[in-house]
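Before any comments, here is the structure.
As written, the chain order gives the labels A, B, C and D, with residue 1 at the start of each chain.
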Amino acid sequence: MSVAYRPSHADATYDMKYGIRAVAGGGRSSARETIGRVAAGAVAKKLLHLIAGVEVIAYVSRVRDVSCDVDNSTFTLEQVEANDVRCPDAEAAKAMYKAIDEVRLRGDSCGGDVTCVIRSCPKGLGSPVFDKLEAELCKAFMSLPASKGVEIGSGFTGSAMLGSEHNDEFYMDAGEVRTRTNRSGGIQGGLSNGEAIVARIAFKPTSTISRKQHTVSRSGDEVELIARGRHDPCVVPRAVPMVEAMAALVIADQLLQHYAQCELLPRDGACSPDTSIARQFRQHLESSVAAAVTA
Amino acid sequence: MSVAYRPSHADATYDMKYGIRAVAGGGRSSARETIGRVAAGAVAKKLLHLIAGVEVIAYVSRVRDVSCDVDNSTFTLEQVEANDVRCPDAEAAKAMYKAIDEVRLRGDSCGGDVTCVIRSCPKGLGSPVFDKLEAELCKAFMSLPASKGVEIGSGFTGSAMLGSEHNDEFYMDAGEVRTRTNRSGGIQGGLSNGEAIVARIAFKPTSTISRKQHTVSRSGDEVELIARGRHDPCVVPRAVPMVEAMAALVIADQLLQHYAQCELLPRDGACSPDTSIARQFRQHLESSVAAAVTA
Amino acid sequence: MSVAYRPSHADATYDMKYGIRAVAGGGRSSARETIGRVAAGAVAKKLLHLIAGVEVIAYVSRVRDVSCDVDNSTFTLEQVEANDVRCPDAEAAKAMYKAIDEVRLRGDSCGGDVTCVIRSCPKGLGSPVFDKLEAELCKAFMSLPASKGVEIGSGFTGSAMLGSEHNDEFYMDAGEVRTRTNRSGGIQGGLSNGEAIVARIAFKPTSTISRKQHTVSRSGDEVELIARGRHDPCVVPRAVPMVEAMAALVIADQLLQHYAQCELLPRDGACSPDTSIARQFRQHLESSVAAAVTA
Amino acid sequence: MSVAYRPSHADATYDMKYGIRAVAGGGRSSARETIGRVAAGAVAKKLLHLIAGVEVIAYVSRVRDVSCDVDNSTFTLEQVEANDVRCPDAEAAKAMYKAIDEVRLRGDSCGGDVTCVIRSCPKGLGSPVFDKLEAELCKAFMSLPASKGVEIGSGFTGSAMLGSEHNDEFYMDAGEVRTRTNRSGGIQGGLSNGEAIVARIAFKPTSTISRKQHTVSRSGDEVELIARGRHDPCVVPRAVPMVEAMAALVIADQLLQHYAQCELLPRDGACSPDTSIARQFRQHLESSVAAAVTA
């Protein structure tokens, strides 16, 4: 590993750009880099919960070809943390565990998906053009090591649907505008709509494996490489807190911006109709804060 | 439409956030907003081609359930522009056209995917942690109207693979480090590796349809809505130039940053081994510029 | 002017950087560029007044060697706008007018200073290290055409004083912490302290004059130049609204940031002593908003 | 000091904003905060010298009422570092030293000015509107603790001059456009013109003094305060490396931006006249880099 580039690993591109690389452990390309994000995310999660009752929670929704059956509205953190693969479907978790173990014994690795749910997100977070809420979230998720894809709501499944199948119809629920389905994944036109925000992130299999691979050396010779050392056969369970952290940081940042932009200036009759919707949002926020202060 | 919110359309969330909305045409939520992006992207594409020989080209790779068979290495702009749906596979294009027409006649809409290929992208563009090249690209693509998902390289297919199947092995090609496969989609560890950058973007079906839907009015009453006016049954062919524009803007921006960060300072023996790889990159850039000046 | 560079004018440096320049009128280097700033500043001023009772007001405090005698605590907008040179000291205004006229008749130009006062600025705006409130204000003022210097509070006079002469002693005024003097100019340690913010900005004499000057042509020949066309003999009175606009934009931006950072999160006993000072600030802001809503 | 606010010190405003403050030592308001800036500035200075032959050098130009006589074109770092007050005029340095000592014995403090000179700065750095080079420099200088004013070139003296006195006439010097005087301080219209950049920064007297002062306590009582502990009677000599660091960081940043914006794209006949001036700049930069590589 000190002379040859690991296939699909960052050490080759780092060397191309900087002329240096961290051979042992990967340096900045190691997922250990995310420890600071997870620490900051913990603060953001607490703040979001205190201020606005937001809950950010993620789980492993697929390992290799093993999927699961989870209700995004009801699963709990306890269920996620009840097993090592962080999948709230206990049966699927066992199958995932077995799939990882099988791959590990062969010196190979496998990938999988993480699903992230943001519950009770205030309405209106985000902005309409370049910095859409889904754009900010996707950038944050795709900045995580090994991520190769992101979906918001229906994602690639949704792009195969008809408009009449895909649209989320509105209805009134205790004076509040809600949608009956949530194919939008809680975001419409760059702004949160108050439904749960749902995202799915694809993580590729770990690039460092203990099987023989063809590669080239720094000096430009074609060589064979068998990596040694301790390498995760599957990073996906460890990606769960990273995904939660990035989601919480984005939402906290958007909440601050939204508060400054939309809540500082009192709306008068001229510039805002102050519809029941706008009033409800304000009441929702106020009661959350009041409850937080009391608690 | 002046009193009721269109399901899955931005006018409800705009109203939640701002207390105002553009009923006719959608205002900032209309894809017409992207005209400025496409204009700027045209300049970026020209600059990228002149400086570094980069080619940015996209096509419709799926409409509803109609896929196509395209070689990302060889398809041309002429093939893309040869038909109205912007798919370089002529047979598939016909089937896509038929699928859209069928949906249109029923007053419905459908979604699809766009694939974007960036050829001859210089090595080393991007950065290692928060602003990874894939993160910047995904934010840019997800800022486009109606986008619900993005994949770089293998994407969600890759997350179902083993490391031994997924890794891109390196080899030497005329003195340059190349990969035999391109499941990485031209990006490893946040930096371009010189292979073609390949991204796929999911676009949901147009939300405004001419079929009866349940929704609510601004005043909070549950109503039924049948949208009138001219609405695209499928935005995907029109999304092709938007996708190219966002890709070109991101790459041009990264090229400027890379040039300032890595090409201004001469590397001496101490801070850079100046391997054949680094030298090749420099030679590649220099010969591109020389050729551009001559041309 | 189409072949020769005007001494001390931006057209030479524009040509050095871009290889092009706007010979007639100066293009981006014309103070006409500031029209957008003044328009945006008008909105910011209104918002600041509505939300927090802030008043942003500037005047010409010197033209060439003619100074004035103005009480920064009491002068009014009406007094500023009562004469063409925008100096609230009517006697000094006359002398300034005469000084400008004299210079104009000789085809020459002169400079001067503008003093800007921001009254009733909320306490705590700004930040402690890089983005100090004084740093943001100075950047904004120095981005105006022809500005060559900025002082906050005592400025260069203060740097000649002793600490015992310069320090602003605190006292209690109706339950609020105030300072008896204001050499700090309303800012201590990067944060506003609730006293009036006072800044002074130096504007150099207009570079385009109708007198013969030595210069060089684009082709590198030494030539003589006599500028023609209508050029202000003194820009300082016209700089007054520009200075106000930049001040208002900075303060409005800081108010939004402060509100998001410090007012969203309720302070509990643990993380804040909630001293009478902190409470007073909150009450002050709340009563301002309440009054604004009522009005 | 643990119960009362020090007049003109940041601990009162920190408490107003955050509800907490660092009583001992001042925390973020201590000038010790600048150690990271000085370290980063050392790297920036080295880079600037290597790439473009830029020299950034500052000195104490006034302490209280003691000025000095220094030729900004010729003074050297050795002369600056030859005495404790960092003034290259040895006679003045002695008088400054005496002035500080006198103040120190009385338990008082004094302020002064620092002059910063940036020699051999490439032409064209900066931008024309909001981010003018003088605006970036002034923000950087005003972010330093205790700074109360900044001048570029003629500053407040220049605002008292006539255009015919103030303008810097151009002449040709060995094929290069130069100015005979430098009242512009090396910057015209937001861009460097190749002459030495000259700035002067005012530092107020240290606020913490050992003399009795009136102030208020955190609980809102009027009290008297005599500060104890070791406090600088004059921070100005220590501000010299801080000023150099901020200047170097701004210029290095601008050099990177300039290089990416103006040097990456080859200028053809159509978009640039490629005057002798533009060519000279390019040659100057190229020969600097060549010399640096050789060295």
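By definition in this document, a residue touches a chain if its C-beta (ideal position, glycine included) is under 8 Å from a C-beta of that chain, and two chains touch if they have at least 3 such contacts.
Keep in mind that this is a model prediction, so the values were computed, not measured.
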Legend entry - Touching both subunit A and subunit B (chains): none
Inset, instruction - Find the geometric centre of each of subunit C and subunit D from their Cα atoms only, then give the gap between the two centres in Å, rounded to an integer. - result: 20
Inset, instruction - State, to the nearest whole Å, the distance from the C-alpha centre of subunit A to the C-alpha centre of subunit C. - result: 45
Inset, instruction - For subunit A, jot down the residues that touch at least 2 other chains. - result: none
Inset, instruction - Chain touch graph shape: choose line, ring, star, complete or other and state it. - result: ring
Inset, instruction - All pairs of touching chains, please: list them by chain label. - result: A-B, A-C, B-D, C-D
Inset, instruction - Would you tell me which residues of subunit D are touching subunit C in their complex? - result: 5, 7-20, 28-29, 33, 62, 64-65, 103, 108-113, 123-124, 128-132, 134-143, 145, 147-156, 158-172, 175, 177, 179-180, 183-185, 187-194, 202-209, 211, 213-216, 218-222, 258, 262, 267, 271-278, 281
Legend entry - Partner subunit A, residues of subunit C touching it in the complex: 47, 50-51, 255-257, 259-261, 264-266, 268, 289, 292-293
